[in-house]
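To keep things simple, chains are lettered A, B, C and D as they appear, and every chain counts its residues starting from 1.
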């Protein structure tokens, strides 16, 4: 017992970490009092950490330091503007909170043009796939050509599935959309299959934490 | 014309900055009082104007011609400030979220509702994290740093990892239940997942590792099939989905920016 | 009665599934199992690339990962460091991640002891470096200037390990071990500058598909694909370690999932035949 | 690409043209034109799921994802406001755990408005909308606990979901809830498909509020979006032909193909 206590004192983080791990893991059997207790601690710690992060990463460097260390006093207006959020609980002046909310909406919406251009335009030009491909030494690369053809076929048929307003009367569009849906299922299956590996690695890591780091039963 | 304004908003020496801050607060309060008395019919246009103005900054910054040498236009230098402004505003709502936690759990404790001790644990953990987290950053107390380390590295990080690892269990039960040869779609989903799973582990790879590389049948090796699935089929399908999402996002952004959006929040009389 | 057994196969209680999963994950920790290893070409290429570096060559290992991906990235880091030290290369480690700095430092110290590597002479740890792209841009032109201090704040200028290293042309290989898509920045900013430079990348398994195009183009010389890649590398080094154990667990887990899918479908068919 | 003028033509042809078409369709739809939108099965299931919760007398869960405040969260709230109008009518209990404080702030107002619009403001319980945590897995642990404790009857998950998607969907499945989900994070769709009853895919998500509300403005936008997608399909096809003729070494045509590709070529990130 004495030895256990000494061991605990020498590495309390590992002990508490292991207890937290076991408590949360009990959820897979069923929701229980221990899980519930640790779930609340988890949320509490996370909320506390968010507050710390707010002070450390936002209020301090973006408000306190600029205003009181660099003299950029105009940030005060931003703070006052932000206070309007708190009118949300007022029955009569509730609408004032819509000003900062609207501002944030506009901010988020306004960035879409750049994000769209950055994300999708390179993908668009990359989709211009030649169906006739030659290797650097001049021979015809049939496999690459076929792959490019399949690429274009999949791209167009999946996109045809996402047309909402054209009534899918024509058989060509209907079967293209159906084919598109099937190909999407292949893609989703493949994503599912590749993800298993990463998740199992996480579980293995947890077990190694319990049996290796904590109990020291494994090397 | 612009110069006095720029002068006025320029950083101020530290000994007078407090006066400017107080002035800004007083001015803001006056504006808020004015706003409180704004006629109802002007409220929506004002909100639309604020939304439009906020968006206009980024739109103009993006579309305004640039100086080829510096790759900048007259707004580019303000991007950093804008993103700080956005984080500051969004950060200020955290208090509202924390108030929600305090309200729900404080009430549980005060009324001794069943499970009140859980709520107490939550609030205690929160306070402890705030105290030791701030001390870790702003003081040199060695014990505080140690306690923070136990709370953060010992507990919080391990709890994150544990919840994350639970997905391993759920992925097993989900695939057992969902991957049945029930319909064409379910069968396709299952087959693709099965093939990729085989190609992920040595046991599966060993099944086709006898096929000679560089031979005609090379493309039947599991890892080659997997790579083909992921680079040709998957890439094309995901890209098609992404194009749709991109256009959809663009449309909603336009609707919100120009206050054309409809629906509960946007149609309510205020 | 026989029929109902087959039908039951499609409604196995989830707790039984979870117990089975726990068993297959834990068992290999205690009973190492030998599974066939197939070395992927990408792993072999990375191994060969490190093999081809002349003795006393200079390798930079960037360890951009944190506790969340420890299971995959730690064995990769160990494997690549082990290989470099086996070959007596000069090793420089650093990280774009705070946690990754400490983790890679611990690993490197342990292995340095094992291989008799002397700090400052045979290896160095440059510590945490925020702002990846800035660092990359600057290390291309000036390595001693970019990494003027080590993790401890000691100046690196006079460390023998850095002798003759001025810019990217003096580096033989860079290996990035990461949980993110940081390889794009390396490829964009560093890799093309010195055509002789070998750039290896060790991603987590979910990131693997994103590396294929760059492997094909040769911009990435080779990869370790998650934990499986690390296990393959361990077997190339003939030093089975954590990844080999882990791959035992993970392979069994995959087999379990596939078996369960088959069993579920047997049950499904049994009940469908009964109904019709 | 930081500015439009670094590569102005593709920006104008694709982005600006699409934007103009969308606005034009919206404005013409507002002048009253019957518009068609194809069936989205997952969204038809919403009423069924609420109905079942009413029968069972158990709560309805709504999760707006873990993303921050922006267009995706707003779209989720539009869908939830429709659901809330139904629950207000039938008097179901609702639960809405939120992972972002700004989203939480707006969500409370949206749901309150929905109850008011249905004429049952007294049925709205402010505690039904809760900020849990902005930390991914702390939020996940809270929601998983909530689902099991409250034995929810139906679960709606719309918004930005990452790895935690399967935690929600499987725990929901465990308590036998009817589940409808949709997310813009395509890598999570497979897990929703595996564990939910109905999953909406890709930009069905952005069509959802138009589909549910049948509001002419939004339907007009959907038509405009379709034109945008048509434009992209067209460009891809032309581009593929251009790339092919460029490779074939036909005089003149090859040059034209090369020029077309040049027009759109953008340096790949890191390329």
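Things to note:
Operating definition for what follows: a residue touches a chain if its C-beta (ideal position, glycine included) is under 8 Å from a C-beta of that chain, and two chains touch if they have at least 3 such contacts.
Predicted, not measured: the structure shown is a model, and the values here were computed from it.
Ranked by separation of Cα centres from chain D, the top chain is C.
Taking the mean of each chain's C-alpha atoms, the chain whose centre lies closest to the overall C-alpha mean is A.
Here the two chains linked by the largest count of contacting C-beta pairs are A-B.
Averaging C-alpha coordinates per chain places the centre of chain B 28 Å away from that of chain C. In whole angstrom, the spacing between the mean C-alpha positions of chain B and chain D is 15. Taking each chain's centre as the mean of its C-alpha atoms, chain A lies 7 Å from chain B.
If you average the CA atoms of chain A and of chain C, the two centres end up 22 Å from each other. Touching of two or more other chains is recorded for residues 24, 27-28, 36, 39, 42-43, 45-47, 49-50, 85, 88, 94, 104-105, 108-109, 112-114, 116-117, 120, 124, 127, 152, 155-156, 159, 162, 184, 188-189, 191-192, 194-197, 200, 202-203, 205 of chain A. Annotation for chain D: residues 2, 4, 15, 69, 71, 74, 102, 105-106, 109, 132, 134-135, 137-138, 141, 144, 190-191, 193-194, 201-203, 207, 222, 225, 229, 232, 269 touch two or more other chains. Listed for chain B are residues 62-63, 90, 93-98, 101, 157, 159-161, 163-164, 166-169, 171, 173, 175, 177, 179, 189-190, 193-194, 197, 200-201, 230, 234-235, 238, 241-244, 249-250, 252-254, 256, each touching two or more other chains.
Interface residues of chain B, counted against chain C in their complex, comprise 157, 160-161, 164, 168-169, 171-173, 175-177, 179-182, 190, 194, 197-198, 200-206, 209, 213, 223, 227, 230-231, 234-235.
Those residues of chain C whose C-beta lies close enough to touch chain A in the complex are 15, 18, 21-22, 25-26, 29-30, 69-72, 204-206, 208-209, 226-228, 242, 246, 249-250, 253-254, 257. Partner chain A is touched in their complex by these residues of chain D: 1-2, 4, 7, 10-11, 14-15, 35-38, 40, 69-71, 74, 102, 105-106, 108-109, 132-135, 137-139, 141-142, 144-145, 148-149, 187, 189-191, 193-194, 201-204, 207, 211, 219, 222-223, 225-226, 229-230, 232-233, 235-237, 239-240, 242-244, 246-248, 261, 264-269.
Residue ranges of chain B in contact with chain D, taken from their complex: 61-66, 71, 73, 76, 90, 93-98, 100-101, 103-104, 159-160, 163-164, 166-167, 170-171, 173-175, 177-179, 189, 193, 238, 241-245, 247-256, 258, 260-265, 268.
Within the complex formed with chain B, the residues of chain C that make contact are 10, 12, 14, 17-18, 21, 25, 35-38, 40-41, 67-68, 205, 209, 212-213, 228, 231, 247, 250-251, 253-258, 260-261, 263-265, 268-269.
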